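Some structures are shown below for you to check.
Two complexes come next, and they have one chain in common, chain A, joined by chain B in the first and chain C in the second.
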Partner chain A sequence: MREYVVRRLLLIPLIIIGVSFLTFMTFRVIPGDTTVFICGLGCTDEVIHDLRAELGLDRPVFVQYWDWLKGVPQGDLGRSFQTKLPVTKELQTRFPVTLELLILAVIFSLVLGIPPGILSAVRPGTAVDFVVRVVSVFWLSIPSFYIAILMITFGASWFSWSPPNFATGEVASVFHNPLKNLEELVPPAIVLGVGIAAVIMRLTRSSMLEVMRNDYIRTAYSKGLKERAVVWRHALKNAMIPVATIIGLQVGGLIGGSVLVESVFGLNGMGNYLVVAIGTRDLQVVQALVLIFATAFVLINLIVDLAYAWLDPRIHYA
Partner chain B sequence: MAREAAIPLSTQEVLKARKPLWSRLLKLARHHPLGTAGIMIIIVLIICALFAEYVAPYDPQGIDPHALRQAPSLSHPFGTDRLGRDVLSRTIFGARISMFIGVVAVIVGTLVGSFFGLVSGYFGKWIDSIIQRAIDMLLAFPALVLLLAILSVIGSSDSAPRKFLAEHTPIPDGTFLGIPVFLQIFVMSLGIGVAIAVGTARVVRGAVLSLKENVYIEAARAMGASDGRIIMKHILPNVMALVAALATIFLPIAILAEAAISFLGLGVPNPVPSWGSDMTGQNQSDAVTRNIWWVVFFPGAALSLTVLAFNMIGDSLRDISDPRLRGGRGGGGGPNTGSGF
Partner chain C sequence: MEDTNYWRRNNRRISRRSLLGGAATLGLGGAAAMIVGCGGSSNDTNSSTGPTGTRAPVGSPKAGGSVTQGRPLTVLGIDPHQDLTGLDIDQLIYPYLYSWNPVQNVAYFNNLAESIEQPDPDLTQFIFHIRKGVKNAPFNFAGAGEEMTSEDVKASFVRRGTSISAPDKRFPRLISKDPTMLAAAFQTPDPYTFSFKMATTFVPALREMANPTWAMVSKKVLEALGNRSLTQVGYGAGPYMVDQFNGNQRISLKKNPNYFIPGQPLLDEIDIVVITENSSLLSAFKQGQHDICGAVLKKDEFDDFSANSDYICSSAPSLFYPCVHMKMVPPFDDIRVREALDISIDRDEVIAVIDGGDGKYNGPIQWPQLEWALPQDELKAFYKYDPEKAKQLLTQAGYDGGFKTKMKLPKITGVSQIADEAALLKSQWAKVGIQVDLEEVELGTFIGSVLLPGNFQMTFFPNLPYDEPDRPLSFYSSLGVTGAGNWNNYTNPDFDLLYNKQAQTVDKTERQSIILEAQRLIIKEHAPQLTITGGNAYSAHWNYVHLPYELGQDPGTKINPYGCDEWTEKA
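Right, the complex of A and B next:
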């Protein structure tokens, strides 16, 4: 086990360096010239030349990459081509927003997903089971950004409710003004959590059904335990192992979903920043954000894999 | 099943052994109503996509200054948008764009992915290592982020791949096969296809790894068959079913992906009817600030209904193949369907 952890940890920097190289090359070699985009179509060659020199785009690609990579461990992710400000400065306010949104979404998905899943597995074939299955198929099929739009559209006309920070996109700090912060982030987090909740609901149900067929569950029943005790103490723990994995697998989707939901709610998070940066072809920013998203994704997957072995002692990584 | 029966059959049983096809289909449909509903929705969708010109009552891009922002009525069942364009017609034509991008992306993705998966799994050694490490890198990106990265690079009109396609292939820039801005939409499908190829390659490689250990492969090699022949004659036919299954899983994901990136304003450009791009920009602000809900409601409903149909079909197929797990484990229809779009 320890050997496996060490091997995985050693691999992480390699993957991240590979990802950064891939990201850098993708954004430097394939696309058209950023400078044309910055100074517009009526640009003279001379201006473009100066601009390239100013942004360091006239140097060899590998020199540019090394320059950029050197800065990354020191927290220097480059400067935005558009605003000339360091990307990290912008991220200081945006990173916490996205992180909190993701955490809240996972919490909501667990709350919305696990109890109905258990209920429907314990009473298979009943009306409850049917309702849970229909609801989960619907939740699974409706894209999060559509739910978000409907929420804002009908929220405004039926309940005269609109996201409190819709105009500015500013999100109050969770430490200074936690209530306002939650008021702003809970609606998008619910929207984001619904899709994952459906997956969790379905998996909880099928995993529970499988566990309930085991011999030890029959033993528990036959020694006279109440159903509540059997479900909570004996079945649930084992049924939750695949659920823990699926949450890890859904993180990539959650990150993608956060890009969309932030865009609908106009939240100043990282996802919205990415969309704006792609729209203005601010490749330095896109590059930094893609690197951060990928790194976070790799690290979360590592944590999930390790948590899996910890949750289920039957699993051994050779 | 009937042909494998070991007990001798009586004359009567032989006479009614196999019912005609339609009655067996009917029985299947009765047992799986949700899957049947899903198939019907998809058939309607395909008809809309193929014959949009005849199904849609108006021109999807036709501007009518006398019918701006009209609520749903008999003459415009889904209402009209800020330019007086008929939302129903746009939704019907949106099916064409969605289906086209979905199908092209899935074909490109599964072909490219299967190729790399086959090569990687069959030849092993350093080829395998290189391809698998490359896939590791690509899988390190969240799917939508990878897609946005790809499209931000190849999507613009001055990108190298797009210039290459415009200059060296006969792919037209304008309307083709009833699809406006064909080249741009084709390049988008390629981008989605790349994302699909990554997943396909991994799965196909795994299947090939176990297939090539079979004795009949060894026998073929002993008889002097070349690598090419073994791949084409013995391995490829065996992974075809898997690839087909992957394609059906990826199709709704590709359709969702198109809608998501168009929704972000980075996909299908504005005047072209697309479910994703019709829910964003001016339409979105019309819906929120003026309560013109129908301009975003119907395209989104069409998109959701499509994904729902695929999920219902997927559920039924799983019920048929494994009746013990009604409702199924994993996501709906596939590992990725609940991918947060």
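Right, the complex of A and C next:
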């Protein structure tokens, strides 16, 4: 097990370098140029040439990439082409917002997904089961950004509510003003979480149904165990193995979803920052954010893989 | 200053009420400034529908309080000589030589310059008399609190005139052909006199120097900056100073205690909140979180606000004008094809559908520029919708039954008009057999990879709001708007002559005549930038906020510099 973990950890830098290199090269291939954003329609070949020299974009691509990469281990993620500020400075305020949003979204997706999924599986064919299945299809079929727009539009029209951060453009600190912080982050977290909750709900239901049909469950019932004990002690742990896998994969989707939801809710997290950076071809910022997202994704998947062994003692990593 | 560390940040107020002016067109104007950096104000018109709504009983203007306004576009920087997305903010931080009244087309000297002299009959010489006692704000940098002099004006002119990214290099190059010799072309005989002489007359010069890119920055600030820029900092002598700048989320400005006009500005603070989603901006305004609406308003939204007396709403003819650009390659190099495209556009339908019924025909110069635009009757007669004739023209040109082409258009967040109008044009052209595929391209890619290199057959591009006729005409000149070449490949030596002549003609009546002649030449050729219609821009703010003038109104020539006279009834 230890060897497996070490091997996976050693692979992470290689994956990160691969992802960052691909991102770097992709931005060299796709149309659009950050210098055009700086000079607008006043751009002439001469202006673009001077700006490229000023930003260091006239150097060979591999030199640019190496210069950026060698700063990463020292915590230097480069400077924004547009604002000229270090990317890490901007991340000081943005990283916590996105992190908290994702954590809350995962919590909501688990709360909204697992209990109804279990209930639906242990009461198949009932009204509860029907409601759970309809709700899950509904949540699955509506994109999160659309739910976000509806929440803001109807929140304003019907309840005179709109996210408090609209007034300041900033999210309150969870340590200094936790209530306001939650008021600002719970609605987008719910919006972000429901899509995954639907997936978890459906998978929990099908996985539980499968487990509940196993002989050992029948045996547990025949021993006279109460339903609660059978479900919680014998069925749930086994049924959760595929669910754990899907949660790990869905977190990647959550990161993508946060980009849209942050824009609609005006949250100044990393997702919103990424949108602006891509739009202005601010390669340094995009590169840094992709690096962070990729690292997070790889680590989460490692944690999920390790969780298998804990959930199912039969699984061993050689 | 706000603590930039999220974990240590203290609680903030949930909302701050107050205002700043004329912001509803900010989105479009900002986008516009980002695209071209023309510096023209988007609310400058010669006609307007004026403010609607009920203003609460107003007492005397009250000092104090703050206002919050929304903003749909990220502010990438606030260096007035280099950055194009924060020009509205630059005007609050820095002084300018003078202000411009776009309705009367006159300069008024309420700012750093007290007066101007132009002794030469050809108006090539400019002598500015600098006001005494204009001091920098008490910022924490070189030059803080010091008086602005002619040396500061000179340093600013040199920096703006030689800035790589600043738009419009035509004017500074008339002062000195060689940018490295620009400094030598300016004279500062004493601390309160600044002058220069241009090689030839350039009538738009006076308007150009009032643009927000011509901010006056202290020489000491510039020297201390060295190679750095003012992108993330503001060291000015304007009515406000930067308290917090984070262009992606919030810009907070506070009153400059050293401001040269006693008692001004009236507001203590202006907060600008960036929310890039238009519906969210609208919601924040409706809920009172923003005092001035930052969303780009459509006609129906404007009508809803107008029906509510809590808001002050105004509209004005918009100088923003989407138009169809064509490359002068087959089939568009054939005038019959261009004419067919032109007369198969049902402009009345465009006005009804896109402009909410409130629009007029645009010629090469937008209709709200009443002194320079071609008369509506003439445009209506010329652009008469005639699909049958269009089909005949296509047949004569060898395109019996029409042809297929592609039209690229930019995707601008929060601005749906471009895509909506392009879809309408597509349906109208389909009626004469011209099948157009629309390709929406993200804005940055559009400018860099489509427009500037001329990588298109057809493109639908919103030209910016200009209140001076020279700039809209430049699109048709051989050198184009960039001065480096016409991206449509259009060349017309007769037009070029007229275009250059109008810029050198001081007599207004004569200049009008030349400009009208130039436009008639263009439309007769169906030159490859087909203008369509122009509608209105809309603004709204809460009625406890008081602006010196509303969108589209004549500001007169007696008001204080931009940002000064706004006030709020709220504490």
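Quick notes
Rule of thumb we're sticking to: the second predicted complex is superposed on the first by the 301 of 318 C-alpha atoms of A that agree within 3 Å, B and C clash if a C-alpha of one lies under 4 Å from a C-alpha of the other, contacts with A are read in each partner's own complex, and residues count from 1 in each chain.
Methods note: contacts are C-beta pairs under 8 Å (C-beta built on N, C-alpha and C of every residue); 3 or more make two chains touch, one makes a residue touch a chain.
What you see is a predicted model; the values in this text were computed from it and never measured.
Look at chain A after the overlay: chain B and chain C clash there.
Of the two partner chains, neither chain B nor chain C is touched by A:T126.
By the touch criterion stated above, A:R281 is placed in contact with chain B and with chain C alike. By the document's definition of touching, of the two partners only chain B reaches A:S206; chain C does not. Once chain A of one complex is fitted onto chain A of the other, the partner contacts of A:T219 are absent, as it touches neither chain B nor chain C. With both structures placed on the common chain, the touch criterion links A:I196 to chain B but leaves chain C unconnected.
In the superposition on chain A, A:S162 makes contact with both chain B and chain C. Shared-chain residue A:F297: touches chain B; no touch with chain C. When both complexes are overlaid on chain A, the residue A:S263 reaches chain B and chain C alike.
Chain C is struck by only one stretch of chain B after the chain A overlay, and of the options 99-107, 117-125, 279-287 or 315-323 that stretch is 279-287.
Shared interface residues of chain A, touching chain B in one complex and chain C in the other, are 30-33, 36, 149, 152-153, 156, 162, 263-264, 275, 279, 281.
Touching chain A in their complex are the following residues of chain C: 2, 4-16, 33-37, 68, 70, 74, 76-77, 82-84, 164-169, 228-229, 231-232, 246-250, 271, 273-277, 279-280, 283-284, 286-287, 289-290, 413, 442-445, 447-449, 451-452, 481-484. Listing the residues of chain B that touch chain A in their complex gives 34, 133, 136-138, 140-145, 148-154, 156, 158-161, 256, 259-260, 263-266, 279, 284, 287-289, 291, 293, 296-297, 300, 303-305, 307-308, 311-312, 315, 325-332, 335-341. The part of chain A that touches chain C in the complex is made up of residues 30-47, 50-51, 54, 82-85, 89-90, 92-93, 95-97, 149, 152-153, 155-156, 160-164, 166-173, 175-177, 180, 263-266, 268, 272-273, 275-276, 279-281.
The touching residues of chain A, counted against chain B in their complex, run 15, 18-19, 22-23, 26-27, 30-33, 36, 124, 133, 136-138, 140-146, 149-150, 152-154, 156-157, 162, 192, 195-196, 198-199, 202-203, 205-207, 209-210, 242, 246, 249-260, 263-264, 274-275, 278-279, 281, 283, 286, 290, 293-294, 297-298.
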